[in-house]
């Protein structure tokens, strides 16, 4: 492959993806709001850009075959902020992709597009959206837009509904929802090397014993996670207070995002529930 | 009921709804971009307002029990225009509704949220979105937002996926998709008088022999359309040229919107296909 | 048909069924706890019996081809009472039917076997039980027993999940749930005259615009109700206070039974919500 | 439409279709094994032909826009006979249609493609085949072939799973399965005048109270039957002996075809069960 | 956790669970009909009690957080016996749990709640009950009651549909249905340590190659069995006579329970079919 | 088992099966069109026969308990050839099996019975057929016939929808579709040693990461493949040109068979796409 563009390259997840992506293409263009990122690969270029700026995005995607679109506000925030970075940012990416003939977009969607389902309901990739925040709503938007660009223009998309991507497993919720960095990398690699994907949705979750999602409809992607949060279960459960099944923050897939007031940071809430 | 707010009151559909809504509440507040509307009912007030203006919407909804939200650009248009009127307009309505304790929003969604499904696939109200235009995408957005405000704040919503609302039946596609004005009025009335609706999606289609949609999941609303486009079938089919099943404009639920370039008017295309 | 046995003959619904059943068989044996019933048909015999008495039931069913089993406590009550009349009573009926080679049992099940589903969920005849009371639980029990006697012994059963059988339509809930007496009679007639039924479940609801149930899987029975509670809608809705969608008594199929404490009368609660 | 070809024109159903089809096209070519048929319409030509003769079929379809393919052995028969008339006949029709660019084939499939399902199972148009005879197996074959020619060559097909097409309703089974001639004609008309059909399967059953099939997936065709076998129910049920639910001839959709030995006439069995 | 109550502690399965449960709580109260059990853990108390005795059960559950309810007749038996021990016993447990504010009940349900399904039908946890015996019927009852106490009072329940729990794999049926003791223990542990379960049903089967059940809807529990009956396959199949697919005792999930007369021991039949 | 008959014994797959089948029965009769096969097992007999010859097939199956039916043209070919070898051959096998009381037929069906589904649609064993060639159509026919003989005569059948059975993994499509010979052998063994199978369909695919099929409904067979085409992925993907998602030969399960003209060899096309 000639050229891949990675947005959100300075974020925690984007950082994990830079080296693997550099190994899959002649040229990797990484971009984010930061002034620079460290440790560029030999075939990697970094470009500072705001995805809400249509012209900047149009320039970035010229000549690209695929875009790995991870750039966005990664937390709940006031609607206007989400509108700019996540809604408009995603539109700019797809619009530029169509103009430049980009073949496929691998998109960092999120479990928060489905966050209001109770965790006792196993969710698959065909059920209707039930977002929990403006953040989650922006993911619904981009997924629906991706579906439309595939239907109308043949631009492929793999939407990764990332659950809890993090280094260590930090709390009881993550025993089901954890996505290790290695598994994230595998998921992105398969989303790129699969010859044909059309429009596909897949959950980004590790091979956890307690995984509450169903990826079977996307089995052709070949995503087979290797890590299992159960290795952390005994230690974490010992420190976890009794749960309240009437509390949506504990009962829903979205976790604390299910109860955080719209527009307020959900990450802050998640930190509070973590086992220190 | 004390107060209903009707947005889009100057539009073709809003116009049909004013008198019936005035009969259902102590007070009807109608609003649109026009300077004025004619024929106000005794308990009806008209307020000129842009739904993209958050403060104006906040004022309008004070004291309202229900909002009938029909105000939006009703055709495909450039993304920025849709973003302002349809996305931001809908957000302003739900945000104000939550602040003011509005009980329910009856929303004019559209078949174009599902327009890329082939017409030989009967669509129900639980299948994933497949929008055909930015216009349709804005309907997906508002539906998902409505689901979220119900899940998080208990604000009810009935999303009417209006198909082809018009006076006469104008072309072969409408033999399946027609929604007569009388049936539209019934649909809105039932969406209001049903004691509890939660978050519900329902197609706005008349009792056409050739109706290609499935409203069974929303049967509790009691919507039973009376009109049937089949009365127009013989005359229209006699003037309809042979169809091409490989042409998405003929094969898809969205009709010409399925092939119109994103951002260009689909209504213009529909007019071209109509039997004069 | 030679002989039909009707249990619960002195109850409100049993009373409606006596004449129609007498017209369908050479002999009708009616039974209940009352000393006598009035207006016996020429081929009708009345026998006072307690269905909790195994020997009495065994005697009653001798020579019967079909049993129309409507005898039971028709309201929520302490568990021990339900256990005797509804659980043990039903067991005695099926056990005697198997001993005597009875061909089919038409059983008065109830919506309260499914009462905890929200009304915005359309319920069909294949979904798992969600009873709302001991009363509803006894209906689940008899349905499952009926399935077993069909699977093991070939005794047919038609389980009628009766919703709100009554003369007039008394409250807003009944706009969806009403079963007129004429439609009840048709439903029982079809359950009897259909040549083969196997084990079948069907909802007992009239042809209400707002019917929230799905009988399609039992369409072979030919039940086509004629009455429609919508005729009463305007008058009733005018007197109905605003509903609370967080109140299970209003949100669930079971109505007030959904919130009545287990063992306490639900009928009393229903009366309170009725429009006088 | 310029030209329609009707095969099986001399059969009982083909006879019903000749005049209505003649009214829908400039030219109707009727064909069958008989030497001649009576009462030709002004624009109708009759050609004697064996559908098992590839060259004859190739000649017949030249210039045709649609084929209404009803020609076949209409009863169970030895495999070799079915192979010639039904399998090879259908292949010749589709093969010629593809060579000549025919737009659509309306095909007389049969309930016997699904005959081994129990009647207490409502069958839809997406469930797997369960044929009951070689005759039914030939219908499965033609349906699957029709699907393939649509997928590969864009030739449309409407497969009518005709249940019990007949003049009077003759037995208890037909109370559910009857298809009146008027409804058959409507079904064929809609299969022709619908602008786009793709590959579609639909049951040919009247508006019987006891209809045991589900046509909802094909609702876009606009088939709304008017006749109802229930008008005959009282008279027929009075003469019908008690059924045996363990007898597949009574329990299955295919009726006597479900138990007739493969290769032997099922129609003869059906006659035996009819009320004289 | 402060206190767990284990019923059926003297039974074969209860015996396996005592030590693991003792390790999960400050206090374990074991109970059964036996006078005593051997090998009490340091924090374990044994109480002799009949679960059909409401007062005794009320005493036992005081202060308990969870109940592991395995106490019941574990075989088919006359209805009156099942009624007392299994129906009334289960009612007493849930009733006392509600009075005492118990958080969760882990319940030994059984495959015999679903025993009449053919083994060629994979069964999941949402399909309707099809019990094979009074024993199985009592499991249906308790599952439905568990659903109701969750819906009405928020008492959680995990219903384990135990298939063939035993030490060695004894016959061909068990190649699919075996549940090893280690896997049983894991299943109970996960049912307890999962923070929130709501009302959940899960099959108790090991990781057998030939497992005929679908636990995917309960994946959030994290039950991942380790043992596999296939290790025994070659030896057992070599001694197994040819099966008869028309024999329900071989064809159904319930095995011999599917054909044993109601009220007669099914375990005796299973022993007869075992490879010695 | 006394006697197994293997058809297609001289083919590539039949060759793999001879030794394993010889080990499972007292007597193995192998047959094909070839004059002889090499390396007969001690209990193996080879008979040259044309399966289109009814008498020859009738002789072969005398005394057989099971037939492993792999004999057929294994590629797309003109309809008349397929009709003789695959349609008539299969009919002869089932007809003789019924006459001789054969217990079960293990049949080499093919993915080409489902070849027109897009690969992004995971296919299960209950979806309708969508054949891609006359070859695939003959597999649909035999599956439907197998269903009928089971329903009417109790002859069991396991239909193996073999995907890409081959030694090495030769192209990108096979990363999902590969069936190793060892896994093929396991699949046939389990299809034989499972005590009861009824009529069952199962896909023949290895344990590939990228497997696009769903065998869960047939889990009772215990087929657990061991090989994984992913071992070949890196090498093959490095040599694979960019795919075109609008090309059915790349997008559909059937691969090149999806676009090959009916009647022309599809194997030739597959060779062209292979990585040398």
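Labels for the chains are A, B, C, D, E and F, by order of writing; each one numbers its residues from 1.
The definition used in the following text is that a contact is a pair of C-beta atoms (placed from the backbone, for glycine too) under 8 Å apart; a residue touches a chain by one contact, two chains touch by 3 or more.
Predicted model only: the values in this text are computed from it and were never measured.
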So if I look at the partners of chain A and the partners of chain C, which chains show up in both lists? B, E
So how far apart, in whole Å, are chain B and chain C when each is placed at the average of its C-alpha atoms? 40
How far is the middle of chain D from the middle of chain F, if each middle is the mean of its Cα atoms, in Å? 32
Where chain B touches two or more other chains at once, by residue number: none
Quick one: label the inter-chain contact graph as line, ring, star, complete or other. other
With touch defined as at the top, which chains are paired up in contact here? A-B, A-E, A-F, B-C, B-D, C-D, C-E, D-F, E-F
Interface with chain A, chain F side, in the complex: residues 118-120, 122, 172, 175-176, 208-212, 214, 230, 233, 237, 240, 242-243, 245-246, 250-251
Of all residues in chain C, which touch chain E in the complex? 79, 83, 87-88, 91, 95, 98, 116, 126-133, 136-137, 140-141, 144-145, 147-148, 151-152, 258-259, 262
Residue numbers on chain E that touch chain A, as the complex places them: 103, 154, 156, 193-200, 216-224
